[in-house]
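Each of the two complexes below includes chain A, the first together with chain B, the second together with chain C.
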Partner chain A sequence: MADLNTWQQFWYYLSHNGAYVLSQFSRHFLISVYGVLLAAVIGIPIGLLIARRRKLSGAVIGVANVIQTIPSLAMLSIIMLGLGLGVNTVIVTVFLYSLLPIVKNTYTGMINVDTTLVDAARGMGMTSWQRLTMVELPLALAVIMAGIRNALVVAIGITAIGAFVGAGGLGDIIVRGTNATNGGAIILAGALPTALMAIVADLVLGAVQRRLEPRGKKR
Partner chain B sequence: MKQRAWTLLVIVLLPLLALTGCGLPGLAGTGGGSIRIAAQSSTESSIMANMVAALIEHELGIKTELVANLGSTTVVHQALLRGDADIAATRYTGTDLTGTLGLPVEKDPTKAGRIVKQAFKQRYQQTWFPTYGFADTYAFMVTKPFAKAHNVTTISDLKQVAATMNAGVDSSWMSRKGDGYADFVAAYGFDFKRVYPMQIGLVYDAVEAGKMQTVLGYSTDGRIRSYDLTVLKDDQQFFPPYDASMVVNDSLLAKYPKLAAVLHRLDGQIDLATMQQLNYRVDDRLLEPAVVARQFLQDHNYFKGGTDNG
Partner chain C sequence: MTTTEPMVEFDDISKVYRGGNVAVEHVTLTIDRGDFVCLIGTSGSGKTTTMRMINRMLEPTGGTLRFDGKDIHSYDAVQLRRKIGYVIQNIGLMPHMTIYENITLVPKLLKWPEEKRREKAQELIKLVELPAAFLDRYPAELSGGQQQRIGVVRALAANQDLILMDEPFGALDPITREALQELVKSLQEKLGKTVVFVTHDMDEALKLATKIVVMDGGHIIQTASPAELLRHPATQFVRDLIGEERLVQAQADITTVGAIMLRDPVSITPGRSLQDAIALMRKRRVDTLLVTDDDGHLKGFIDIESLDNNYRRSTSVSDILNPKIFYVHESALLRDTVDRILKRGLKYVPVVDSANRLRGIVTRAALVDLIYDTIWGETDKPPADDAATVNATPADPTKGV
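Right after this comes the complex of A and B.
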C-alpha cells in the first residue's frame, strides 16, 4: 500500500469496500432524514400555532434558539445519558437541531403571507381550515421548504458525529480512518461521500423549493 | 377539500406511527427485534463484531446492529449492563479480571478464564464464552534477522544481549503496577541499555526501522506480519493472559435458544496467526473489518449452515 499515493489508495479502498461504503451511506442518509422528518412533523404545527398566537412566538423560538447553541457533541452525550448508545440517540439529536430552522421558517412564512389575501379569503366565506390549506400554506410552503432544506444539510453533518455513540453511518469510516496508521484514504472515503450527500441534498431540496414558489411571486 | 385535509393528516401521522411502532424502515436498531453487538474502536474488535454479526444474520436470520467505536472495556461493559447492547465482541480475561471485577492478577490463562466466567455469571448474569483462540497481550518482539543473529526465541534469551539493546515500549506500560516495567526487571532479572517510552502505534515501525532492537507491542497487531517480526515467548509467564472471548447477556441467550450453538462455532477457531493476518488485511490492505470478517466466514465454510467443520 505504501507505494500508492493517497488518491490511489482512496480508489483502491472504494473498489474493495464499495458495498460497505454504500450501506453506511444509506444508513447515514436515513438517520438524517428520519430526524428531520420527525422535526417537520412536530415543528411545522408548532410554527403554525405560534403564527396564530404571536405572543407565544418569542418563548418558543427562544427555546429553539437555546437548543441550537448547545455544541453537537455535548448534546449527543447528554441525550446518550437518557437513551443510551445507538442510533436512537442520534435521531433525537438531529431532531432537536432541526426544530429551530423548521419552526422559525414556518413562522416566518406564515406571518409574511399578505394579510389582504387572507382577508379576501375570509370575505369569500372560507373556513379557518380552508384559509390555512388553500391560501396560507401554499404561499408559505417555499419558505417552510427552505427551513427543511437547511435542517437536512445540518443533520447530515451531525449524523457524522453519531459514530461516537456507536450509531454507524459514514462517520464510522472517518473515525476508523483517524485510528488507522495511514488512514488518509479511509478518512477521505468517509468524508467525501458525507460532503457529497450534503451538497446533493441541498441541490435537490433547492429545486423542490423553487417549484413550490407561488406562481405570482416568481422572480 | 375534506380529502385534502385527510391526506395531510395521514402524511403527518404516518412517520409518527412508524416511530412508535416497530422501528424505522430500513434502519436497524431503532426498534426491537435486532441483536446489538458492542465493539471497541480497535481493528480486532471491529473484525470480531462484524464476524459475530454476519454469522447471526446468516445462520439465524435475525437482524443485527453494531454499536461500534466504543472507547474502552468499561464503556462496553456499561453498554451490556444497561441493555444498549447484548453481545460484547471482544473481552479480555486480564482486563476484566483486574479492571471490571477488581480481582487480583491471575497468570494462569485457564484459571483466569474460569474465574471471569464464574464471576460474570454470578454478578452480571452474562455468559463468558470460551476464547476465540487468540490472546491480545503485551509481547516483546524483534526483527527476524536479529532473532537469527543472536539466537533468541524467548524473553529470557535476551538476557545476554540486553545490555546493548534499546527497547521501545508503550508509555503507559512504564508505570503500570503488577505487569509494568519495574516488575518486569524484577521478574526477568535484566534491564535494557535504555528504554524509550513511546506511543504504542509507533513501536512496530521503530523496531522495523532499526531504531530499537526490541519493542513491546500487542501480540495480535497486523504489522507483526507485514514487517515479519519475531514475537518472543514469555517463558516466565510474566504478562497476565489476555485471552479474547465474547460475552453475551444471559437474557439474550434465553430469548434465542438457537443462538448459543451458533456463537460456539467460533470457539477456538481463530489463533494468533489468523488474527494477525485479519488485522493485517484491515490495517495494511485497506479492507473494511466488515469485508474481512465476511470473507473469513466464507473461506472457512461457516455459511453452509449446520455442519461443524468450520
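Right after this comes the complex of A and C.
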C-alpha cells in the first residue's frame, strides 16, 4: 500500500469498499433530503402565511436568521443534548438550517407576484384558494425552488458534520480517514463524493428551477 | 328582461375608508342594459372606486347598489365577479398560461367542458381578428396591443353581459389605442353588451360612450350623453375637462344638417313644361332646378345644359330629368356631411326628410361659413369677404350638381 500514491490508494479503497461508500452516499443523501423536505413541508406554508400577513414576516424571518447564524457544530451539539446521538439529531439540524432559505424564498416569491395579476384574478372571480394555486404559486414556484436548492446544498454540507453525532453518511468515511495514519485516500473517498453530491444536486435542482420558470417570462 | 331594465343602480352610494378618507359620496347612477358608460375625472375623483364597487372588489359603506335589480350583497362575491367581465389597465394576462388558457379562465372556473371552452376560444380569437395559432402561445410572445385584445375578449368568454374596464388602453400607443377603441365599440354594439369604462381621456369618452359620468372629488358632477355634455356642460369644471377647443369644434359635431339648411329651395314638378322651367330659372337666377313630385318627394334635378340641348326635342321636365342626385337626410350630423360635400366638390346638396320629401338645401357657402367659425371662433369673425366664399345667395344653386 505504501508504495502507491494517494490517488492510487484512493482508487484501491474505492474498488474494495465500493459498496460501503455507496451505502454511505445514499444514507448521506437521504438524511439531507429528509431534512430539507421536512423544512419544505413546514417552511412553505409559513412563507405563504407571512406573505399574506406581512406584519409577521419581520419576526419570522428574524428568527430564521438567528438560527442560521448559529455554527452548525454548535447546533448539532445543542440538539444532541435533547435528542441524543443518531440520525434524528442531524435531520433536525438540517431542517432548522433549511428553514431560512425556504421561508424567505417562498415569501419573496409570493410578494413579487405582480399585484395587478392578483387583482385581475380576483376580479375574474377566483376564490382565495384558486388565486393561490392557479396564479400565485405557479408564478412563485421558481423562486421557491431556488430556496430548496440552496437548502439542499447547505444540507449536504451539514450532514457531513453529522458523523460526529454518529449519524453515518460520507462524513463517517472522512472521520475514519482523519483517524487513520496516512488516511489521505480515505478522506478523499468521503470528501469527493460529498462534493460531487452537492454539485450534482445544485445542477439538477437548477434545471428543475428553470423548468418551473413561468414560460412567458423566459427570454 | 327587457332592454330598458337597469343593469346596475347606485342609490346614494358612498365609500369612506377607515380614518375618514372619503373616496366616493352620494353617488346615484343608473346604468341601463346596452349602455356604454364612461366614468371620467381626474385622479382621485372616485371613478375607479365607483367601478370597483360594482363587482364588489370594494364594498360601499353607505347606500344600496343593485345589480339586475337585486341588492349586490344578495350575490356571492365570487359568483358575481364571474358574471361580470373585468379588464384592467395592465392587461393582467397570466404569464404562465397560454392565450387559450387565459381566454377560457372564467369558463374553466365555471367548469365548462373542455370542448365548449375550446370552441369559445376559437370564436373569440376570430372576433378580435387574431390568428387561431395564437391560442397556443404565451402572452409574452404577443405585442402589447395584441395582449390587450386578448384581455378584452377574456372579459367576454363566459358570456358576461356587463364588462368593467379600468383605463384599459392607457398604456398603449395612440394608433393601437384607436384600433382597440374601435374594436371595443363595435363589439359592444354588435353583442349588445353593457360596458362601464373608466378613463381620464375625454376624446376616448366622447368617442365611445353613450353616457358620460363626470366625477370630481368623489361626487358625480354631471351625467349626460356625449352630445348633451358638449352642448350643456354643467359647471366650469366640466368645461375645463372638455376643453374650450373641443367645445367649439363640437358645434359642427352636434349640429344637424336640418339646423343650417336653407329652406325654400327652388324646385319644379316633372309634369311642368320646359318653358316653365326656364321661366323659373330666370326668375330665381339659378342654373339647376330640383325636381319633386306633387307631394314634395325628391325625384332628381334638371340643369341648364340639358335644358339647352333638349329644348327642341322635349316638352316636359320629366323628359330631361336626371335622377342621379346626391342628397342628405335632415337629421344627419353636419360633421358627417361636411367632408362629403366639400370633397365631392358639390355646390349644394338637397336635404330630405325621412319620407324623402325635399326640405331644403345646404350650400357650400353655408358650410364654409361654419368652418370659418370653428377656426376663428364665432366672436372673432373676419370681415365678410364675399370674394373668398362661393357666391351664393340663399336658395341659389348657382351651378349644376
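To be clear about the criterion, the second predicted complex is superposed on the first by the 219 of 219 C-alpha atoms of A that agree within 3 Å, B and C clash if a C-alpha of one lies under 4 Å from a C-alpha of the other, contacts with A are read in each partner's own complex, and residues count from 1 in each chain.
Methods note: a residue touches a chain if its C-beta (ideal position, glycine included) is under 8 Å from a C-beta of that chain, and two chains touch if they have at least 3 such contacts.
Just so you know, these numbers come straight off a predicted model, no measurement behind them.
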Of the partners chain B and chain C, which touch A:D119 in the superposed model: first, second, both, neither?
-> second
Of chain B and chain C, the partner touching more residues of chain A is B
Using the superposition on chain A described above, determine whether A:I91 touches chain B (first), chain C (second), both, or neither.
-> first
Of the partners chain B and chain C, which touch A:H16 in the superposed model: first, second, both, neither?
-> first
Could you look at A:L139 and tell me whether it touches chain B, chain C, both or neither (first, second, both, neither)?
-> second
Have a look at where A:L38 lands relative to chain B and chain C in the superposition and call it first, second, both or neither.
-> first
For A:D172, select first, second, both or neither according to whether it touches chain B, chain C, the two together, or no partner.
-> first
Please work out whether A:L30 is in contact with chain B alone, chain C alone, both, or neither, and reply first, second, both or neither.
-> first
First (chain B), second (chain C), both or neither: which does A:Q130 touch?
-> both
Go through chain A and flag every residue that touches chain B in one model and chain C in the other.
-> 130, 134
Show which residues of chain A lie in contact with chain B when the two form their complex.
-> 1, 9, 12-13, 16-17, 19-20, 26-27, 30-31, 34, 37-38, 41, 45, 84-88, 91, 129-130, 133-134, 163-164, 166-168, 172-173, 175-176, 179-181, 185-186
Which chain C residues qualify as touching chain A in the complex?
-> 55, 57, 78-83, 86, 88-90, 92, 94-96, 105-106, 109, 138-141, 154, 164
Contact set on chain A toward chain C in their complex = 114, 116-117, 119-127, 130, 134-135, 138-139, 214-218
Where on chain B does chain A make contact in their complex?
-> 1, 4-5, 8, 12, 15-16, 19, 24, 26-30, 36, 38-39, 41-43, 46, 65-70, 79, 82-85, 201, 223, 283-291
